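Each of the next two complexes has chain A plus one more chain, namely chain B in the first and chain C in the second.
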Partner chain A sequence: MNKYAALYSVSLKQAWAAKASLYGRLFFLFILIFIYNHLWEVIGAENNSLELNRTYIWYLLFAEMIILSSPRADRSLFNDIRDGTMAYYVGKPISFFLMRCVEALGSMTASFVLMGVLGSLATLLLTGEPPFLWRHFPIIFLMCYLSSCFNVLLTCAVGLCGLWLASIRTLSMLIERLVFTLGGGIFPLSIYPDWFIDIAKYTPFYSFYYLTIKLVYDFSWENLAVAVTLNSGWLCLIALFTIFAYGRLTKRINIYGG
Partner chain B sequence: MAAKFIKLFLYVQKSNLKTAFLNLSDALVNVLMMMLNNFSYIFMWWILFQNKGSINGWNFGDMALLFAVANISFATYALFMRGLETLPEYIDSGGLDNFLVMPRSELMLIAFSESSFANWGDYLTGFIMYFFSGHIGWTSFGLLILVTILASVLLFAIRLLASSLAFFINDSQRLGDNFFIAVITFASQPSSIYTGWYKVISLTIVPAGFLVYYPVEVIRAFSWTNLLCLLGGVAIFLALSLLVWRQGLKHYSSGNRFGVR
Partner chain C sequence: MDDIIQVSRLTKKFNIRQNSSFIKSLFSPEGKTLTAVNNISFKIKKGERVAFIGPNGAGKSTTIKMLSSISYPTSGTALVNGLVPWENRKKLAYDIGTVFGQRSQLWYNLPVQDSFFLMGKIYNVDEIPFKRRLSKLVRLFEIRDLLVRPVRALSLGQRMRCEIVASLLHRPQVLFLDEPTIGLDVTAKEIIRGLIRRQALEEDTTLLLTSHDTDDMEKVCDRVIIINRGKLIFDDSITALRDSFLRKKYIEITTDSGQKIKMVVNTAITPAKKAVDELIRQYHVTDLTIENPPMEEIIKEIYARE
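Take a look at the complex of A and B:
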């Protein structure tokens, strides 16, 4: 266990040292907040609902913290499978998949915390009061961090699909778009029609993203319990898939490289 | 000179197509997935317009025209100039040396070096959205082709600026990527919301205005002023990006990497 903790720590420090990368993500986050704040202001003014941008911008901030903080673990895993790097590690006394996952988690944590602190300050400046009570903030922050961890696992699971696909680029993009639509990554699902929400409920995106982030403007202990329960269930399913795919992969490793 | 350049361009594109067709079913699945990806984004905006009716005078037809311009120009960039995305990697690793000793324009060779077949899905999405926009006609179609060519040249310039950061900043791949994505994101919003300072920013720091606002206005209600503004904006950003590229090359010191191409 110590070796994974060491990997997590090294990866976190590396991500912290890669300032250009962190600034790039922050720049993108600020641009998103800036654009959508204005969009919701315009829509709010047209509909006489001036609270609209305050609610939805804080929602967007937490959604983007989850989505943007995740490193491109899918691409690195895919490349490792294809170029034989995985074959090199498979004989080492460490799980290759867990190693890459833990590295991605370390990198994600650095971005998540930085975006959380600076993004919250920027959003506070734009909107004034947040739509949640400050005493709920640590719980919301922790829940979003856990969702970000699930997001990393999901990304790694996509990388493992390199076992069956010649390229995962479009699959990754598709998953990103599903996060935005079925997970309410940009607009909350509350603006979508009921039939669409009913479909979204059967996907992991609904609870990993929407239910968790919704706590920002609709916090209740009941909503929290539902989010925790559903997230745990989906986490088990994705973990089972990764165990299965990784098992298949290690059996075929001699075909791919080394 | 121009004939040789076109011959090389066509040869590289033929090779890219041949590579994609090695696994035809995979290539077609990727095109379909790209379209699904695009339409899921468009769907989000359709829902918003269904709820709100219009946003600052723009209806979904105008937004469809914006998606047509954005998708067609991005497809042109991604199919023919995507190699610029790997420029920071070449600079950091010294791989740029291999291009510098080539007897053709190194910038063009780098730009052509990568192509993504899946982006044919963007072309299809763009043309489908054009037919849904309500601005159909031979003149508007001609204008669509003209403005998307100009917008793809602008995308080339923006990507070159973003990638050239690597000459001056270490490990700037992600920074450049995020800057480029920020411009695309800015460009994917209804242009009608950009007024005042937002409009100034969309024409300078994040030049999304030249990418979609002027192209869409040229098609919606043609005026020479808008077309000249678009031409001027593209020319300025292209000149700026080439200047930064030239300065970057002067700044570049070889990675002393040995390789044969």
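Take a look at the complex of A and C:
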């Protein structure tokens, strides 16, 4: 584990050093919050529900923190498989897949923490107090961080599909859209019809995104327990898939030419 | 001395799909088999420095990839330090080091020393032995000034020196070098060759070096294995190869009027020095190069003698 911890810390250091990328994501988050806040202020004023606006913007902040902080690990992993880079690591005493995951986690953590601190401050100034109690903030923050870790694992798993697919672009796009819809990445699932929510419940997006982010406006120990249980189950499933796929991958390696 | 590498009847075939249409390939896949390595056998003793050379597409890199556990053979066996490489990947990793001229194992955006630190962690080298080892290699390969520079900011020659250091941090017994001088200029090539040889002699490291540059083998190795179209065609000492096939020297001069004159000298009849002296006497020479015959010519000659 020592080697992965070292990789994580170096990746984190690297991500902090790459300020342009960090501030770029942060700027995008601010723009999103500003636009949606403005939009919902107008709608809220018309419907006399400014309280709903405040709740929604805090929900949006945590949803976007999970989505925006994740680096494009799927593309880099796919390229590593296709150009043979991965093969050169097969003979090293480290799992190439875990190595790339940990590097992506380090990069994600830097963005997530920065967005969490500065994004919360900006949202506080724009909309006022959050819908949750401040003492619950560390738990919600940690749960969202774990969801972000899942997001990284999911993107890495998509990248690993390069073993079977000539291109992962369609799959990546599909997963992104599913996160936005079934995971409530833009709007909470409660605004969708019941049949849609019933479908979403059978996917990992429901628990990892919606149930987790929902803690922002509906925090209870019961909701927390449900989210933790479902997330653990899905995490095991995704981890099993990646172990299986990576095992297959390392056995099928063929490198042509020098 | 014990054999640290034993290769017996090693063969690697690639199946290449040839169907042009996706639908057609689903129902009647067509393809051809390409034999990259064809039934080769050899042994290498501990501490030997062996050049594994041949023209492009000869099967050098494919062999090195099998021996360094990157890919599987189609048939045949091999033992590296007593282990079958493709069956003992993780275990063997601690005994071997690999340098691939066209691939980097360093982290592109990190300072060189961070990459070394990570390599040390990957190979579970303890902190104090790691520092001691790094300090020795840094001195040996003269890279102290490069340590704080990001890998992306290094020249190819500097990067190659760092790549070799990275692959030696865990004290491997065997070092596989696949085209370590590819793309380097003449000066950088000379430096790299000198450093590789110095390290191997100092630490008794077994070297298997692939190249299509005959100078690499002459400057670094004692023994040469030549492979062509997957088949082993020559396995002897560098001296034997030099006496038999490297007698020709290609001399090219540029005169002060810009004229280029090329000549081939058979050193068995006329020593290279005598030929050069004669050229200098006859022309105002502004530039002069002496080269070994290209790989293709040596191979042609080996076949001709057979």
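By our rule, the second predicted complex is superposed on the first by the 254 of 258 C-alpha atoms of A that agree within 3 Å, B and C clash if a C-alpha of one lies under 4 Å from a C-alpha of the other, contacts with A are read in each partner's own complex, and residues count from 1 in each chain.
As a convention for this text, contacts are C-beta pairs under 8 Å (C-beta built on N, C-alpha and C of every residue); 3 or more make two chains touch, one makes a residue touch a chain.
Nothing here was measured: the structure is a model prediction, and the numbers come from that model.
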Three-chain arrangement built on chain A, chain B and chain C clash or fit: fit
Chain A-centred angle between chain C and chain B, computed on Cα centres after superposition, in steps of 10 °: 80
Touching partner for A:Phe244 - first (chain B), second (chain C), both, neither: neither
Which superposed partner A:Trp164 touches (first chain B, second chain C, both, neither): neither
A:Ile31 touches, of chain B and chain C: first, second, both or neither? first
First, second, both or neither for A:Val42, with chain B first and chain C second: first
Contacts of A:Pro193 with chain B and chain C, given as first, second, both or neither: first
Chain C versus chain B - closest C-alpha approach in the superposed model, Å: 6
Chain B and chain C contact sites that coincide on chain A, given as residue numbers: 18
Chain A-facing residues of chain B, complex: 23, 26, 29-30, 33-34, 36-37, 40-41, 43-44, 47-48, 51-52, 55-56, 116, 118, 169-179, 181-182, 185-186, 189-190, 193-194, 198, 206
Chain A residues touching chain C - in the complex, by the definition given at the top: 2-3, 6-7, 10, 13-14, 18, 85, 87-88, 90-94, 253-258
Chain C - residues contacting chain A, complex: 14, 56-57, 60-62, 65, 68-72, 85, 89-90, 92-94, 96, 98, 100, 102-103, 105, 107, 109-110, 114, 117-118, 121-124, 178-179
Residues on chain A engaged by chain B in the complex (per definition of touch): 18, 20-21, 23-25, 27-28, 31-32, 35, 38-39, 42-43, 46-47, 165-167, 169-171, 173-174, 176-178, 180-181, 186-187, 191-193, 196
